[in-house]
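The structure's right below; bear with me while I get my questions together.
In this document, chain identifiers A, B and C correspond to the written order of the chains, with residue numbering beginning at 1 in each.
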Amino acid sequence: MQTLTGKYRIFSGLRTTWPWLLVLSALLYACQETGNAEKKLPSYDEQARNAVLLPLDSFTNTPLIQQRVAEIRQALTLPIPVLLCNDSLGGPQQMAQMLALRDTGFARHLKNPASGKPYRNEIFGVYPARQSDLVTVKLPYTLQSTYRVEMYNYALNMTSVAMVDVDRQQVLTSYIIEDVQPDVSGYLKDLAVKIAVEAPEVQQALGIKPSEKEALMASTKTALNRSRCERSRHLCVAPTFVKGDKALWAIIDLTDHRLVGIRWTTVGEPGTAVPLLTEKKLQDDKITSCYCEVEQPLKKNSWEMKYMLTSSDGLRISDVQFNGQPVLRSAKLVDWHVSYSGTDGFGYSDAVGCPYFSQAAVVAWEIPKVAELRDDQQRVIGFVLEQTYRSEGWPTPCNYNYRQRYEFYNDGRFRVACASIGRGCGNTGTYRPVFRIAFSGEQNSFYEYKENNWQQWQQEQWQQQGSLTSYTPEGFQYKIGSGGKGYFIEPGRGQFGDGGRGDFSWVYVTRHQAGRDEGENDLVTIGPCCNTDYHQGPDKFIEPGPEDIMQSSLVVWYVAQMRNDDRKGNEYCWAENVLEDGVWRTKAYPCFAGPMFVPVKN
Amino acid sequence: MKFRFHTESRFKSCCQQAGILVACMSVVIMLNRCTGITTGPDDFTKWLPASIPDTVYLDLSNVYTRHKRELGRYLFYDNRLSVNNTRSCSSCHAQTFSFTDSYTRSSGAMGDLHQRNSRPLINLVYNRYLTAADSTIHFPESQMDGPLFNEHPPEMGAGGHKQQIMDRLKNDSIYIALYAKAYPGEKDPVNWKNSKLAIATFIKTIISTDAPYDRYRRDSIQYPLPAPATRGRQLFFSDKLKCYQCHGGNDFSTPLQTVQQRQPDFYFNTGLYNIDGKGGYPSYDRGLIDLTGEKTDEGKYRVPVLRNLVFTAPYYHDGSALTLEEVILGYEQGGRIVKNGPFAGDGRINPFKSPLVSGFSLTDTERRDLISFLYSLSDSVLINNKNYANPYR
Amino acid sequence: MPKSKISFYTLLMLLLSGTCFSCKEQEVPFSNNVCATNPAFVGQLGFDPRYAYFSTSEIRVMGLVLLQAGPGGSPGTGIVKSHQHPSWNKAGWLAPIQLDRQGNIYTAPAPFINVLHNPAKGQNTIWKVDAVTGIMDKFLELPLPDSLSENNPFGIIGMVLLCETGTLYVSTLAGSDRYHERGAIYAIDLATSKIIDQIKATDAMGMGISYITGKRKLYFGTGRSSDIYAVNLDNKGRFSGSPEKELSIAGLGPGGDDKVRRIRTDKLGNLIIQGMEFNYNLIPQREKKETAYKFLFDASTSTWVRQ
C-alpha cells in the first residue's frame, strides 16, 4: 500500500509493498541537453525545456511550513474546524467571520458527512461589501456594516461566501461556489512568496536569492479566480520575478506548501494579457518538449540507453547496453487492456503516452523519474527509470493511473514492469498490460523450461503461465540468447517484493525482420479490451503462419494479467481517497507485474 | 443612570448598589467606581467605562499600576510560563475568541484535557463569582493558582517547576526591566507572587462594553437595534421566557434575586445531564458538588456571562453545545435530552434541576430573534483592542 | 473527441417556434441547423419522434444509435428503446451529426479512447444515413494530407449545415502535428456532393453560423488556441474573404486554455460556446470539464461581450 497525494510518495509511512527493495528518489530535474536534436525548437519550447518540475512528493520542511502545518492541524481539532483569516482584520471583520461560521449555509461543508472528519476550510478574506454583492438580498441591511466573507474548502475545491451585516448580527445571504477559489489572503500570499524565495530552484534560476519584495503575485485578481493548479485541484498561486525582458514564474502549491515548478516566460508588452501558466501547462509542455520530441540518453552505473515518451507505447527504452554489450534494441508498453467481468465485454484499450498530439488515453503526468534502487541494507543495487500516467480525475471511478518501470541492477539483471493503481470503472476489472521487448542480436534462440530441461521453440508461438508451469529452482521459465550468453526470464509470481501477486502471463515470441514493421515503430492499439484468451494483439504477428525463430532477431511480448480487488485489507490495483489533514489524499494499492531478466552465466 | 425601558429597569444602578459589602476576606473591599478613588496614569478606574453602573470587585491588596499591568500583559502571552514552553494563558484565552479558545474543552501543556470549556476573561471585576463551580474564588489573584499549578490535570504544568520557570524570566533582559518597573525597590522582584499579581492586574483591565446593545443602551436613537434583535430583546426580558431572571446585570450573568450576592443564587442546575436518572453528571465534572459535597449541588454551575457569544462557541461549562440553537432548545424543552453515548439521559427530569428551567415554546423566527439579540451583546472592538494584544507580535 | 446528441424533440420545438425552412438571409435563424427534419425511418421503426434522438456518444455502443428517452423526453431521463442499423457501426466510433431538410444524417468517424476501430485513413470520410432506408454509407472522402501525422489521431471533428444553401461545413484536423497546422474547413454542396470551397491550414473544431453582425458568418474555434474566428459566407455558401479573429475564451475555464468544442446561437444570433480542454490526444471527453460561455454582440461597439 502506498499513500499518494495524487502523487507518488516513495517513503510514505503507509507504504507496505517494498519489504526488501527501497527506492531513493533522484529526479532528473531538467531536460538533459542531448545535442542531437535535429529540430530547431522555437523559443516557447526552449522555455518549456528549461522549466523545472519538482517531484510531486517533494515538500519543504522549513520552520515556517512546520508552523503552518501545526496551525492547520490545530484548527482541524476545533469544534468549528476552520482556519480563521490570518490577515489583520478589524473588529467588525472578525465578527463577520464568526457570524458567517454560525450560518448553516456558509458552514455546510466543514466536515465529511460520512466520516465526520473535518475538511480543511480557511477564511481567505473579509471585505467590505459592494452594492453588487447584495442585489439578491431581501433583508434590510446597512452597506457600511456589511462584509463579504469568503472561505475556501481545500478538500472539495469550493468557496463559501457569506454577506454579513455586523450591526444587525445577521448573515444576509450565503452560498457555495464549486470549483472556484477565492482570492488568497495576504497571509497566504506572503507564505507563497516566502516559499518561492527560499526555494533553491528559484535562487538558482535567478542567480541570486531574491527579496520578497521582488515577487509579483501574478494570480491576484479582484474577483473570484482560478487556481494555477487545476490539475491536482490544489490551491496554487504564481509569484513571478521579473528579470530584464523575462519573468520567472514560480508556481506554489498552497495546499501542500511546496514549489510545483518554475519556468521562464518572455514579458509581454505593457497592457498585454498575463500569460496563463498553470501546473498542467508547466508539466505538459516540459514533458512534450523534453521527452516526446527527443530521445534522452541515460548512462548510469554500467548501463547505457536512450529513452523517450511515445505517442501511444509509453516510455520506450532503446539501444540498451550493459558493460558496453548490447542487451535490448528496445522495450515499451504497447497497450493496457482493461476488461470488466460480468459486463458483457465492457472495457477499454488504453494507450499511454505523451500529453500532446498522441494516441494516448492516459497521458504522462510527470517527467520520467530516475531513482536508485537500494536493498534493505541501504546498499545501492541498481536504479529505476519510471514513468507515471494518469487520468485527471483519478482516483474517482473510471479514471486510471498506470506506472511503467524499468529496473536495472548492477549485476546485469533488469526488469520490465508496470503497475495499475486503479481505480477504473469497477471492482471486477482485469488489467492486461502488453509489453514489447526486442532483444539485441541476430542469432538469438528462445527456450522454455519444461520437463526439467530447456526446450527450444522452433517457431513463433505463445504460452500462458499457469498452475502447471515448470520453473527452474531459481524460478526461471524461459531463456533467450545465443552461444551460451543471454538471459533467463523469470515471470512474476509475487516474488519481487513489490506487492505483485503473480503475472499469469502470456509470452509470445516473434521474429523481427528489418524492413518489416511489427511494432518497432509506434504501435496503434494492438488489441481489444476484453479478450480473455491469448488474443491480446501480439498473436496477429504469429498467426496464421508462424515463422521460424531459431537463431534470429527476436521480440518477446509479455502480457500480464492483474485482477483488481477492493475488499478491505485485500486491495489490489485499487485506490481510494482518505481525508488527511483536512484534504483528500489517495491511498493507493498498486498491482505490479513484469518479468525479471537474469543474465545467463557461463 | 436611567433606563428607557422597564425591562432594563431590572438592572441595578450603580448608586443603588454602592455600599454593599462582601466580607468574606478581610483584605477584600468592594470598590464602587461611583465613589472615585484616584486619578492619574495609575488610576485603575480609567479602564472602567462610565456607562457601566455595576459594582466593581477588586482585591485592593494588589495595587494597580500601569507598569504592573504591562508586565502582566507580557506574562499573559508568554509560553515560557508553562513547563514545556508550549502554553501561555492566551492559549486558552485568546483575544480573537473573546479570551476563550474555541475548543470544546481546553487542553493543557501536556495534552491533558481540562474538564471545562474555557471561560471568557472579560469584565472580571464586575463579577463576584469567577469560576464555573468554585464559589470561593472572587478575584483573579486567587484564581490563578489553578491553571498555573494544577496537576490533575496539569494546565500550565508549572507545579514542581516553579524555580525553573522563574529562572527563564530572570535571564530575559526585557523581563528584568519590566519587573523592576512594576515592583520598584524590590531586591528580587522576579518571583511567582509578583507574576501572578501582574497577570491578575492585566486581566482585570479586560473590559468589554462596546457591543451593539451597549451602544443602543447608551444612545438608542443613534444606535437603534435592528428589528430581529429588538424582538429578541423583548423575548429575553419577557415573562414567557424570563431569561433575565438568571442572566441579569451588566454581563447578563447576575441572577435577579441575588440582592445579597449569595453563593447559592449564582449556581444552577439547568438539566444538562441526567445520566443515571438520579441527577448524575459526567464523573469528571459534577459541578458545585465537587466543592461542597452536597448532593443537591450536583450539576450546579455558575450562570455564564452572555457577552460576546459570537466569539465564544462552543457553549456550556463543558462546551457540549456547538450552537446557540442547541442551547436555546435545551431551555425550550426544560432541560436537555442526551440521546446517545455514555452521557445519555433526560435532563428535563433531573431532580436537582432549577425550577426556573421549566420550558417554553418558540417559533423558529422567535428563536432566530432571540439569537440575534444575544449576538448583539458581542463586542467586536474588544477583539482588536491593542491594549489587550499580544506584545510579542 | 466530442460526440453529439440531437433530439428530435428539440428540433421540433425549434421548428414550432417560428423558424422557416426557407429562411432568407435577412431573417434571423434560431439555430445553426434549423431545417433538420425527422428521418422517415424513425417513425417506421416505431420510435416516438418527440422523445427519440440520435447519439454517437454512448460509451457501450460504437457508431450511431437511435434512442428513445423516457417520459419527459430529454436525453438522460432513461432509455426506453434503442436501435442500431447494422451499417451504423462500420465506420468505427463517430462524432458529429447533422441532419438535412430531407432527414438524411451526416456523420464522421472520430476515435474514442483508442484508434482500434478508427484507422487514420478513414478519418476524413463523411458518412450519410439515408433518410428513408436508414442505411449508412460513405458520402464523401475529403482529401487526406500527403503525410498523416502518426501522433494525431483526429480527422473530421466538426460539422454544421447552412440551411439556405444546403451547404455542409466540415472541419478536419487530419495531418496536423505540433508544428504544422494542416487542418481544413470544407464547404460541401449537399445537392451535388461536391466541395465548393475550403480554408486550408486551419485546425477548426466547433463551428456555428450567425447573422447577428449583419453578415452571414461561419464562426469557428481551433484546436490551437482559445480564439474564435469568423469568415463571411456568400449567397452560395462559399467563403468570402479571410477568417478574422472576433473573440476569445482564453483565460476562461478550468485551465484557462479551453478550445471551442461547439458553437450554438440563441434566437438573436448571440454565441453560446462550449469550451473544453483539447490537446490532440485521446483522453476521454468524460474526464474533461466542459464550460459554456455566452457572448452577446454589442452592435453599438461591434464587439462581443461575455455574459
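As a working rule, a residue touches a chain if its C-beta (ideal position, glycine included) is under 8 Å from a C-beta of that chain, and two chains touch if they have at least 3 such contacts.
Everything numeric in this text was worked out from a predicted model, so none of it was measured.
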item	value
Touch-based graph of the chains, sorted into line, ring, star, complete or other	line
Comparison of A-B and A-C (more C-beta pairs in contact)	A-C
Inter-centroid spacing, subunit C versus subunit B (mean Cα positions, whole Å)	70
Distance between the centres, which are taken as Cα means, of subunit C and subunit A, whole angstrom	34
Separation of mean Cα positions, subunit B and subunit A [Å, integer]	54
Set of subunit A residues in contact with two or more other chains	none
Subunit A contact footprint on subunit B (complex, rising order)	96, 102-104, 212, 226-229, 310-311, 313-314, 319, 322-324, 372, 375-376, 378-385
Interface residues, subunit A side, partner subunit B - complex	77-80, 84, 89-92, 94-95, 98-99, 102, 140, 165-170
Residues of subunit C touching subunit A in the complex	60, 111, 113-116, 119, 149-153, 176-179, 250-251, 254-257, 279-284, 286-289
Subunit C contact footprint on subunit A (complex, rising order)	39, 179, 226, 230-231, 273, 276, 278, 280-281, 284, 288, 293, 311-312, 346, 348-351, 353-363, 391-393, 398-399, 521-522, 524-525, 527-528
